[in-house]
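To keep things clear, I will list the structure first and then write my remarks on it.
In this document, chain identifiers A, B, C and D correspond to the written order of the chains, with residue numbering beginning at 1 in each.
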Amino acid sequence: MTRWFNTDQPISLADLAGEVVVLEALQMLCPGCVNHGIPLAQHIDRTFEGAVRVIVLHTVFERHEAMTPVSLEAFLHEYRVRFPMGVDAHEQPGGMPVTMARFQLRGTPSLVMIDRAGRIRHHLFGQTDELAVGAALARLIDEPRPTPA
Amino acid sequence: MTRWFNTDQPISLADLAGEVVVLEALQMLCPGCVNHGIPLAQHIDRTFEGAVRVIVLHTVFERHEAMTPVSLEAFLHEYRVRFPMGVDAHEQPGGMPVTMARFQLRGTPSLVMIDRAGRIRHHLFGQTDELAVGAALARLIDEPRPTPA
Amino acid sequence: MTRWFNTDQPISLADLAGEVVVLEALQMLCPGCVNHGIPLAQHIDRTFEGAVRVIVLHTVFERHEAMTPVSLEAFLHEYRVRFPMGVDAHEQPGGMPVTMARFQLRGTPSLVMIDRAGRIRHHLFGQTDELAVGAALARLIDEPRPTPA
Amino acid sequence: MTRWFNTDQPISLADLAGEVVVLEALQMLCPGCVNHGIPLAQHIDRTFEGAVRVIVLHTVFERHEAMTPVSLEAFLHEYRVRFPMGVDAHEQPGGMPVTMARFQLRGTPSLVMIDRAGRIRHHLFGQTDELAVGAALARLIDEPRPTPA
């Protein structure tokens, strides 16, 4: 990540070990993100309060210069997004964002569910079936915690 | 029940032992049932295909004569409701319908989730949170099957 | 019409001469009527209060016996439909309803706009564009009243 | 205006004399603008094609630095806004935007309807009644063109 918002320090997947994590990948000027992605992330946080950690990944292919830190801050404020948000890095100008490539995301919005052992278990792109998301999260929450090595 | 539709024979909870059951209580002239209850029951059936049995309970306090068998049949056809539907009985004219009273339902639409041992585990009245419904059903599905006595 | 509801006496187009009339053709077990047709008729009545007369035409091709007067009365009550509603007549069993044929309606819900001279000016079938409906009604309202012969 | 997009040259109300104009005041990070304001402006343009000119006014009280020209360009592209858009000017830092003050707008989104003589005839703030908007626009379109002095 090149920068974090809504958190004092960067967050790595290692920091989240033992927790069920929902990673919502979005970008601020994507209509589907604004209409579906953000409301879903907020809804997950309310319904599974305390049992799931929601993290936002801001990831863009192009037009980075349109999304300056001050723009991102205004965006988070206006849409009342209070989750930690990391801004995806680029190894090469014009290339695929690093985390987006690592997680093999198809685009935004994407919902990634990560289990307590840090493994990616589900990838959902675009508009999602809330019954299926609720079922998948309940199952990840109910899995036994991994025992430390 | 006074009558069943979409099934050759009456269904009792005993017949459903070992299965996770969603009972959708509705009545054909209730706007919330038509707008939320029926689509939710159909959505549950698609998402949890084969893992959940959906049964409809048609239950009315009043105006029974407005909902004759021929009206109910037309209603099921027009709204493409293919689940077995039982029509709740009344012990006394003007009284509370029998199953509705037994299940302590507050009104229609109501969603009742019943576990494999036949116990009512969740009651939801009115519009529902699909993430929460999905989580609750996943947990009922994942419970161990009761061993026969 | 074979019967009227929400009015003391039958209404004919002649009775409505001089008024802009919206005729909403529907049937009580049609999902599109319940989801779009009724809310639109109620919305027109609120927005053009006093300047437009809304009349409902209950019209069915089949399953008439499912829609008895007592069913229709319950339907009007549950959906809070307070407009006069006429029940379309059939010349022959299984034939096209009389008014529906006369107005060349394609199905339900249909919205028919009738000018002050009693001429049908617009037919809309299915879900409608409210901007366009609003514009069409304003223009009918603003036309000069026909002078009596 | 401090700047224009989607047009080769600045537009003044004087340039629009003789036309019915819809001015949609919005800002790119306002959820109500994205959910209601932009779709309504696009809907008006489709329904009244050629009979109404749609102009966007981008107006902000604060956080101007979050909405740089490159951000605004990306916003217009992602939301497929093809109308000319002027960026409201500020006389004093932190003050009310000039056009917003002149038109006495209460906030964003606002819909302003201007007649052929350049007079503001309707102000609508927030979510709007499409039947009423359609009626108001039809009436402005149908007014006689002002004769040049």
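We adopt the following convention: a contact is a pair of C-beta atoms (placed from the backbone, for glycine too) under 8 Å apart; a residue touches a chain by one contact, two chains touch by 3 or more.
Computed from a predicted structure; not experimentally measured.
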Longest centre-to-centre distance from chain C, chain (CA-based): A
Chain copies touching (chain B, chain C) - same or different residues, decided at half shared: same
Interchain centroid distance [CA atoms averaged], chain C/chain D, Å: 37
Whole-Å separation of chain centres (CA-atom averages), chain A against chain C: 50
Chain B: positions in contact with at least two other chains: none
Arrangement of touching chains [line / ring / star / complete / other]: ring
Residue numbers on chain A that touch chain B, as the complex places them: 43-44, 47-48, 129-139, 142
Chain B residues touching chain C - in the complex, by the definition given at the top: 28-31, 34-35, 63, 65-68, 70-71, 73-75, 78-79
